[in-house]
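Next up, some structures in structure tokens.
Two complexes follow with chain A in common, the first pairing it with chain B and the second with chain C.
For the complex of A and B:
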């Protein structure tokens, strides 16, 4: 028991040290840090302005109101934000694998996937995370229940982003350079998480809850925040943890096929 | 005690072959051709704790691939290995606590942070206690003379300073066995010398086993007690450095910059001296130290040339390896 507690404690201390190093590394370029984070915040706010204009003409679309769309944006940006700040390499796995950058992680005694994920902090994502909380402060439910549901939504969103991208990134172990497909999946996923899921019908809706499972994020404002829909919630949690488990398994299997490389690499 | 053993360790990569040109690319898209490339072919090694071993071979001989298998980075295609009592690819995490790695072209230091921050992170990676880390850090900073640039971001350090930090970082957790892949690549003579001294000191003080690949004969001569040469993925030679020195490293290359053009046409041959290049203003010859001393060899040219400058160098490692291949081939013919 105490050995396991020591192991978990060691991993936490290691993660904290990684995050501290990432943050210190980002602060090496203070102006760039604040500009990047600030620009992302501004970029998101422009979309808020756009949706406000839209809902001033059409107050209800398929049952969705302005508040729901704002919460959707808060969850999508906030979830993406925390995942990218704390585990910023999840979208770069394909590149890291295909360019042989795993060597340093493999030569050190920490779980490789966790080490890879925690070794980068996305600076722009700090703006996304802040944006999420600003929107919650504006239109969110400021009760303890509302707060907890919002935090749960953020957690699910971030984990879903990571799970999907780890699975897609692992393709690189089998097919070499899969950065292109990883980039495409990421872009379509992030775009689809910012549109109300109920505007999609038929095949598009099926795809939204299967191939590109953005629907499990874009339905959160209705199925979790407005009122808890148990069936949706069970499905969302299952898909999220299923993807994470699949990602970890594929990564472990992929390591057996890892071919390294001779590229000169540095840790940023 | 054995630090490392391998038996029949092999690694084959599947490499895609693309026919030439655009039409070849299109064909490869629908019907890709794959070829097996043998990187390492049935290597047997046995290295004792505390040994310093140079693992040599020309580019593409399989040196880095072998190191990557021994450190658990790559899984072998076949064969067995035990490093510090562990099978590297099966017990990678446990093994990583016992070994250190320095890859000349893959930095473990964080590029935008000062080395001290990476040291702190590494202490967490290897789960050192705070007191142990503080003492160890003090010792390495002092011995590696890192004080002046400990707080400077790595991107602003010279290559030599970075490599010193890189090697110090790899010693932080007191590895039993240190793998170094081209640690002196691109460094000047003075820095190379210092790095060799520091590694040698750690080997003596902590009995760290050193397993090193290099293209520099100086690394082998000054740092290692044993040489293993591989070629086409297999072991070609495994001998003490002293013996290799006697047989191969006994040659030095002398480069003379001449003050004026020299005519060496009538000069008699000197036993042990082999003229490699003779151009206006430049003369390069190799000296076989088993047969003649440097001074004696230079005497042979005095009066015939006017020397403006002079350097004495080890022969390039490629030349040494070529010589070893030659000897090996001759022995095979004889047997």
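For the complex of A and C:
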């Protein structure tokens, strides 16, 4: 028992050290850090402006109001934000695998996937995370229940982003250079998480809750924040943890197949 | 003092150089098929999402008219604005790179105007991308909302798109040439893109915006770059087209004057070491 506790404690200390190093490295270029994060914040605010214009003309669309879409943006950007700040490499696994950059992680006595994920911090994503909380402060439910539901939404969103991209990134173990397809999936997924799920009908809606599970994020403002829909919530949690588990398994299987050339790589 | 004939020969030489640069840029585009395919798939996604959004907003009623637009018109409007937006090559990033790595020194020694070179290259690339995106977007929109029976609208779209792409070039050139002073232009490019996105009417026609915002947009060049050609494409009114054309020409003159002024000042203070 104490060995297990030591192992978990060790992983936490390792993660904290990674995050501290990433943060210090980002702050080395302080002006650039604030500019990039600020630009992302501005980008998201411009989208909110667009939605304000849209809802000023169409106040209710398929039961969705402006506040719901703002919360959707807060959850999508905020969830993407924390995942990309703490585990910034999750969208770059295909690139890391196909370019042989895994070597440097394999040579160190740490959990490989966790080490890969936590080795990078996305600076722009800090702006996304901040944006999420800004919108919550603006239109969110400022009760303890509202706060907890928002945090749960952020957690689910970030984990779903990571789970999906780990699974897609692992394709590179079998098919080599798959950065293009991983990038496409990533961008499409992000795009689809920022539109109300209820505007989609028929096959598109089915796809949104199966093949491209963006619906589990884009329905959160209705199925979690506005009122808890138990069936949706169970499905969302199952899909999120299912994808994470599938990602970890695929990565472990992929590592057995992994081979690299003689490229010399260093951690930056 | 150069004679009239001499001056005409000079213009003809500049024109043929511009056409040659354009031809090379066009061929380069054909070489990057994957890039083209990725942008086309992005267009497919965006158009599909917006068709769903607008269908929901219109309650699925294809005959309903909101702000002068039917559902079909608004989806085709989006095809036109997206085709124009995605047509624009990353001019600021290119000029910034040339200034940073000193390649500009080689360009300046060539017997061709620096801005003219970039304009020729930009227009060839933009025209190629515009027609490809128009074709891809058109196919998608046709499948989603039906055939584009816009009559004279097509001619108006093409007429105003030439001016629109030139205005977009000049706007991006203003940002790009600021690289002579600031070296880092991505922030300004970002702001410019967002202005196109909002006050340019890229996703939402200006007619659907609040009155106060429409009044502000009327005084900015961005509507002439996206809204004018796209609206003319779906609503053919010859009187409006002539007015739009006049406004475009006004902005072209004003922006060209600003670009010329910035270029002259910037190139005067340029220092390139080594190379």
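Here is the rule we use: the second predicted complex is superposed on the first by the 267 of 268 C-alpha atoms of A that agree within 3 Å, B and C clash if a C-alpha of one lies under 4 Å from a C-alpha of the other, contacts with A are read in each partner's own complex, and residues count from 1 in each chain.
Note that in this section a residue touches a chain if its C-beta (ideal position, glycine included) is under 8 Å from a C-beta of that chain, and two chains touch if they have at least 3 such contacts.
Quick caveat, the model's predicted, so the values are computed rather than measured.
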**Q.** chain B versus chain C, judged by how many residues of chain A each one touches
**A.** B
Q.
Per the contact definition in the header, classify A:198: touching chain B only (first), chain C only (second), both, or neither.
A. second
Q | Contacts of A:148 with chain B and chain C, given as first, second, both or neither | A | neither
Q. Touch check for A:18: first (chain B), second (chain C), both, or neither?
A. first
Q. Is A:28 in contact with chain B, with chain C, with both, or with neither (first, second, both, neither)?
A. first
(Q) By the touch definition at the top of the document, which applies to A:256: first (chain B), second (chain C), both, or neither? (A) first
Q. Between chain B (first) and chain C (second), which does A:50 come into contact with in this model arrangement: first, second, both, or neither?
A. second
Q. When the two structures are overlaid on chain A, which partner does A:108 contact: first (chain B), second (chain C), both, or neither?
A. first
Q) When the two structures are overlaid on chain A, which partner does A:8 contact: first (chain B), second (chain C), both, or neither? A) neither
Q) In their complex, what parts of chain A are in touch with chain B? A) 10, 13-14, 16-18, 21, 24-25, 28-29, 101-104, 106-111, 255-260, 262-268
**Q.** Partner chain A, residues of chain B touching it in the complex
**A.** 13, 64-65, 68, 71-75, 92-94, 96-97, 99, 101, 103, 105-113, 117-118, 120-121, 124-127, 153-154
**Q.** Of chain C, residues touching chain A in the complex
**A.** 34, 38, 41-42, 45-46, 48-49, 52-53, 55-57, 66-67, 187, 190, 194, 197-198, 203-204, 208-210, 213
Q) Which of the residues in chain A come into contact with chain C in the complex? A) 35, 39, 42-43, 46, 49-50, 53-54, 56-58, 61-62, 180, 184, 187-188, 191-192, 195-196, 198-201, 204
